[in-house]
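Below is a structure I'd like to ask you about.
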Amino acid sequence: MGAGRVEAFSDGVIAVILTIMVLELKAPSNGEFAGLLALKLPLLNYLLSFVVIAIMWVNHRPLLNMARHINAQILWANNMLLFWMSLIPFVTAYMGQTNAAPLSVAVYGGVLAVTAASFTVLRLAIAAQHRTDETLARLHKRAHVKSTFGTLLYTASIPLAFVSVRASFFIFILIPALYFLPESKFAQEN
Amino acid sequence: MGAGRVEAFSDGVIAVILTIMVLELKAPSNGEFAGLLALKLPLLNYLLSFVVIAIMWVNHRPLLNMARHINAQILWANNMLLFWMSLIPFVTAYMGQTNAAPLSVAVYGGVLAVTAASFTVLRLAIAAQHRTDETLARLHKRAHVKSTFGTLLYTASIPLAFVSVRASFFIFILIPALYFLPESKFAQEN
Amino acid sequence: MGAGRVEAFSDGVIAVILTIMVLELKAPSNGEFAGLLALKLPLLNYLLSFVVIAIMWVNHRPLLNMARHINAQILWANNMLLFWMSLIPFVTAYMGQTNAAPLSVAVYGGVLAVTAASFTVLRLAIAAQHRTDETLARLHKRAHVKSTFGTLLYTASIPLAFVSVRASFFIFILIPALYFLPESKFAQEN
Amino acid sequence: MGAGRVEAFSDGVIAVILTIMVLELKAPSNGEFAGLLALKLPLLNYLLSFVVIAIMWVNHRPLLNMARHINAQILWANNMLLFWMSLIPFVTAYMGQTNAAPLSVAVYGGVLAVTAASFTVLRLAIAAQHRTDETLARLHKRAHVKSTFGTLLYTASIPLAFVSVRASFFIFILIPALYFLPESKFAQEN
């Protein structure tokens, strides 16, 4: 199976994930300001999840393009990644509906941690094809360090949510902020 | 990242946005005429939003095709545009469920204003690559004037909704009507 | 704009239309046979709408491929067709939820009539490019007659629903049955 | 119609099927652990259905690529397969909402049995083009045996659900486990 088809399918799945999240935003049934104000948190959560998924999409493409060919390991690492990403709309809705209750924030952090870890698994499956190419191997290593750092931070947000929801949110906002510049520069170069 | 992939992904997101809006139309659970009649406004809102999104899609394509290459600015201007477009189903449902309450009409106008402004930001990011090409620069300038005019009109619809909902709707219908002919002619030429 | 992009976008929209219909099937919340039996009609409606949309997809492709280039007329005839098709999940849910009340059956027939008419409008916009090609002109004429016949039958199902819902359903089943063989043969040839 | 277009459309439909399933997972509206625990079964069902659909997607691609050309038989066998696959989100939700009531498990098994049978029908339609090619004919035969075995197991899960829901689930987990290795190896080779 060519990389192009896996990319196209992943793009389709990610496009749907990104968009159906908005269905979880229940429009108020009255035109009062209070109804709209109650949606402030769900809307900010939606924006956060949108940015997280968009970053994943931006990073996913050049990574998959590096694969010499798509083998079973890569194919299923990718499917696993899509599975965890598909839970993001669910945990976003959960956090929104419970007004960011500690448990919901911990679950949100947990899903993002596993998603980030799945990204690393996909990268490892692809990097295995580049062991003999020093430049690529170095590139993977650098991305790997950053990725592991993100996964650890997301993992830290899980227990932290029961101490301070704000601290977990700080991590949720910090990671996209950190990833943003270098990775989009990377996308630009490729 | 090639323009083709960004286009394909944007198309996927826009296709889903366009289509899931219909899920917000709740079918009446009885077969009486009154139930159907109550849907008149939501249906007209749906038609309006469908046309607005379809026009954006028609204009999006030739714009993105002009990009020499996709850099981080273009990529994230595009993601930002998609984010605001993805809120259109939500504000359409909001307006439908509140029977076009002034606040909901103002919010609808606000989201369209920000979406139109995001379109301008995307155009600016792409136009930055054409500074040395006089023909393209002129084309961007003309599109820019029109785009800014639309954004201003949408912005005007926000306060106007609290005075007269009809006046805001007049703007919502006027802008697609104005954009329709010249832009589709533009699409035809390209 | 190339035909390929319009096709890809239309395919995306049609794929979402086809699939979100299933979201309107509300799974029973108890495991008793009666709950499942109550879904018999919605399930049959879903199958019917799935077949109708699948036929449209099968016919849409070779039609759009015939276009020499995509002009504004074709682009907006296509968008109009997609708009009416996007209402099919809504009217399918309406018919299912009202237990096929006469009004819901009439509305279903009405949307299919307008959708079929939109298909004809799209064909006319494309046929206008083939006036000088006798073979294609003849092909369009033949398809045109069949299409008009379908539109008339669907239109007849509207008043008929108030006399006999069964008669309207007979039409809904008859038209796919009639279209099925020759059109899929046509798809095979192209 | 080229195989590429049928593939792209099928991919779109499958991407939407895979992703909208998550909409059936209703996030708890409170932040207590009990609410999350009540979702254990629906989440496991979602994972199961995700894997089943992902396997179908992985097998669908190389199968369709084998077709010399897409004739009406292949086109409609494929549409029929997509129809049955589109019911998987519905039966997954049904099983989740009824806490895996025997009837819901039987219906789930039934839909998977018919989906697997539809896959066989699609393979037969494509294999009909390869009667003169011994290597491909042998390949189809081998896949056919495996496919029939899966269909029979799924069919067995229907009556079994009324005796022991666990036994049916054993089959639901066994089949992906069996298919997994050889088919993904097959995907790797092609």
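Each chain carries a letter (A, B, C and D) given by its place in the written order, and its residues are counted from 1.
Assume a contact is a pair of C-beta atoms (placed from the backbone, for glycine too) under 8 Å apart; a residue touches a chain by one contact, two chains touch by 3 or more.
Here the structure is a predicted model, which is why all the values come from computation and not from measurement.
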Copy-to-copy rotation for chain B and chain C - C-alpha atoms, rounded to a multiple of 5°: 90
Copy pair chain C, chain D: interface residue numbering same or different (half cut): different
Inter-chain centre distance, chain A versus chain D - centres from mean C-alpha coordinates, in Å: 26
Centre-of-Cα separation between chain C and chain A, whole angstrom: 37
Multi-partner residues of chain A (each touching 2 or more other chains): 8, 12, 15-16, 20, 23
Chain C-facing residues of chain D, complex: 1, 5, 8-9, 12-13, 15-17, 20, 23-24, 70-72, 75-76, 79, 82-83, 86-87, 89-91, 93-94, 96-99, 101-104, 107
Touch list for chain D against partner chain A, complex: 7-8, 11-12, 14-16, 18-23, 25, 27-33, 36, 47, 50, 54, 57-58, 61-62, 184-185, 187-188, 190
